[in-house]
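Both complexes below contain chain A, partnered by chain B and then by chain C.
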Partner chain A sequence: MKELSLNILDISMNSVKARAGTVSVTLTETDETLEIKIADDGCGMKKELLESVTDPFTTTRTTRKVGLGIPFFKMEAEQTGGFLTVTSKHESEFPESHGTVTTALFYKNHLDFTPLGDIVSTVVTLIQGSPDIRWIFVHKTPRGEISLDTDELKAVLGDVPLSAPDVLVWIGENLKEQYETVGYN
Partner chain B sequence: MKSLAELAAIREKMQNKVVLREGGSDIRVVVGMATCGIAAGARPVLNTFVEEVAKAGLSDKITVTQTGCIGICQFEPVVEIYESGKDKVTYVKMTPEKAKEVVEKHLKGGQVIEDYVIKNI
Partner chain C sequence: MTVGELSKKCGFVTVCMPEPDREVSGCYIGDLLSWVMGRAQSGNAWITIMSNVNIAAVASLTDVAVIILAEGVILDESVVAVASQKGINIVSSDVPAFETAMKLGGCV
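This part shows the complex of A and B:
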């Protein structure tokens, strides 16, 4: 992937597929590191699937026998000296508190660090594709915090869907302005 | 700052529109957004469709949606156009520029751009 924001989009699609009601995308940045955490309350994975989830020959897709989403993300983290972990609780074992958490740590100053790229586009794309999910986006930077919770927007929007084009434009511009306010580039 | 008051104004405007709309959309634009599509550049293609359809004022008639892997990863980004009463059209190796052209010629003008279409799928 050319940008980590594309990996975030890709990995979050797994949460969508797991029928999550809420997905939190949390970026925590220091001067040296970037931690990306994607946490959902979807169906979760059973032990066997969880154990092989970083294997490229593990996939739930039916059109091909390879699944490269998590392997790509893992490789990009490891090539900076970082790591990727996936923890999961399957709904059959944990009916009350199931879901999956994918965490990746990147060392930003490493030569092979993939830039974050257009994260605003990723958030807008996720909301456009799955407006019924509650998306909680938080980006903690050394200069300040950027955040968005679709439940807060829904409270204002009422019956109007989050995927309405005007709403998506508003979301994109709101995030961009938050980034400008904290002076993040 | 993009305030919540502005969002409320969007709601007022939209609610009037929702009342006018009848039935479903006439045309569905489906963009493949699995790992293969995303890696090949599907995100800007999808966003171009969303923006251009909105700009053209066609959001009532045309819905833009996402799907998983369509099965022809080597031709990503792949975009399928579904229109009632017509055969599905599959555009391959899409770019934001080609997406603009598809909105202009196909979605607005009703003319399929054969050069970007893959046959027999």
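This part shows the complex of A and C:
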């Protein structure tokens, strides 16, 4: 994809479909690398699905036979010399601790590194689309940390829904301010 | 023109051709797979330099008639196996995308 933010959006939608209650999107950056980790407490995957999850001809879709979310993400990581791993615990085997963790490592200085792009819009879009999920977004950069936890926002908002247009605009602006404060570009 | 005829006429090397009688119409050139996914048309000849297994999936989704690998790009055997199994035609051209497209001129 043209931006890694779009991959993050795409992979996070898997967590939504897996009926996650909490989804953590964690970006950890050094001068050389970017690690993107998407962790959820959704239903998880059984071993057979997990083993074939990077195969583009595997999908949970019923409308078509091809699923490219994880295959694209993996390819983009590998193009930079990095890698992608997926671990998962299915609810049938792990009733108390199920969920899926997708981790991708990118070497930022590689010519084929896909830029992160508009991560703020991605976070806002995810919250807007699934306001009942607890979204925890953390971006650790060498200059400082940007973070957002929708549970903390809900505590402040009271009866105002997270999906209210004003709230979503505020979330976007707050994230942008945090990025400006740490001097990230 | 069919994929089999086109390939012969343009001097492409067959990588795998499970469906040589597919009709080819038009051409699309691109390497950013998510981009190609939304733009290549059914029946197109798709020229790319990408060699990941995902090209077979994109070809399947877009229903292109044939993938033409430009610049003599070599595929891993596992990719060829998947493509054959999924009915994806793949041929190889030893010249860059532009020259490859020039060869197609008048055929598609």
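Here is the rule we go by: the second predicted complex is superposed on the first by the 185 of 185 C-alpha atoms of A that agree within 3 Å, B and C clash if a C-alpha of one lies under 4 Å from a C-alpha of the other, contacts with A are read in each partner's own complex, and residues count from 1 in each chain.
Heads up, the rule we're going with is that a contact is a pair of C-beta atoms (placed from the backbone, for glycine too) under 8 Å apart; a residue touches a chain by one contact, two chains touch by 3 or more.
These figures come from a predicted structure and were not determined experimentally.
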{"item": "Which superposed partner A:M45 touches (first chain B, second chain C, both, neither)", "value": "neither"}
{"item": "Which of chain B and chain C A:L68 touches, first, second, both or neither", "value": "both"}
{"item": "Contacts of A:A77 with chain B and chain C, given as first, second, both or neither", "value": "neither"}
{"item": "Which of chain B and chain C A:E173 touches, first, second, both or neither", "value": "first"}
{"item": "More chain A residues in contact - chain B or chain C", "value": "B"}
{"item": "A:M1 touches, of chain B and chain C: first, second, both or neither?", "value": "both"}
{"item": "Touching partner for A:A104 - first (chain B), second (chain C), both, neither", "value": "neither"}
{"item": "Which superposed partner A:F57 touches (first chain B, second chain C, both, neither)", "value": "second"}
{"item": "Which of chain B and chain C A:V23 touches, first, second, both or neither", "value": "neither"}
{"item": "Overlap of chain C and chain B interfaces on chain A (superposed complexes)", "value": "1, 6, 64, 68, 72"}
{"item": "Of all residues in chain A, those that touch chain B in their complex", "value": "1, 6, 9-10, 13, 17, 61, 63-64, 67-69, 72, 118, 121-122, 124-125, 128-129, 152-153, 156-160, 164-170, 173-174, 177, 181"}
{"item": "Complex interface listing, chain A residues touching chain C", "value": "1-2, 6, 55-57, 64-66, 68, 71-72, 75"}
{"item": "Of chain C, residues touching chain A in the complex", "value": "32-35, 37, 52-54, 56-58, 60-61, 82, 86"}
{"item": "Of chain B, residues touching chain A in the complex", "value": "1-2, 4, 6-8, 10-11, 13-15, 18, 33-35, 38-39, 43-44, 46-47, 50-51, 53-54, 59, 64-66, 68-71, 73"}
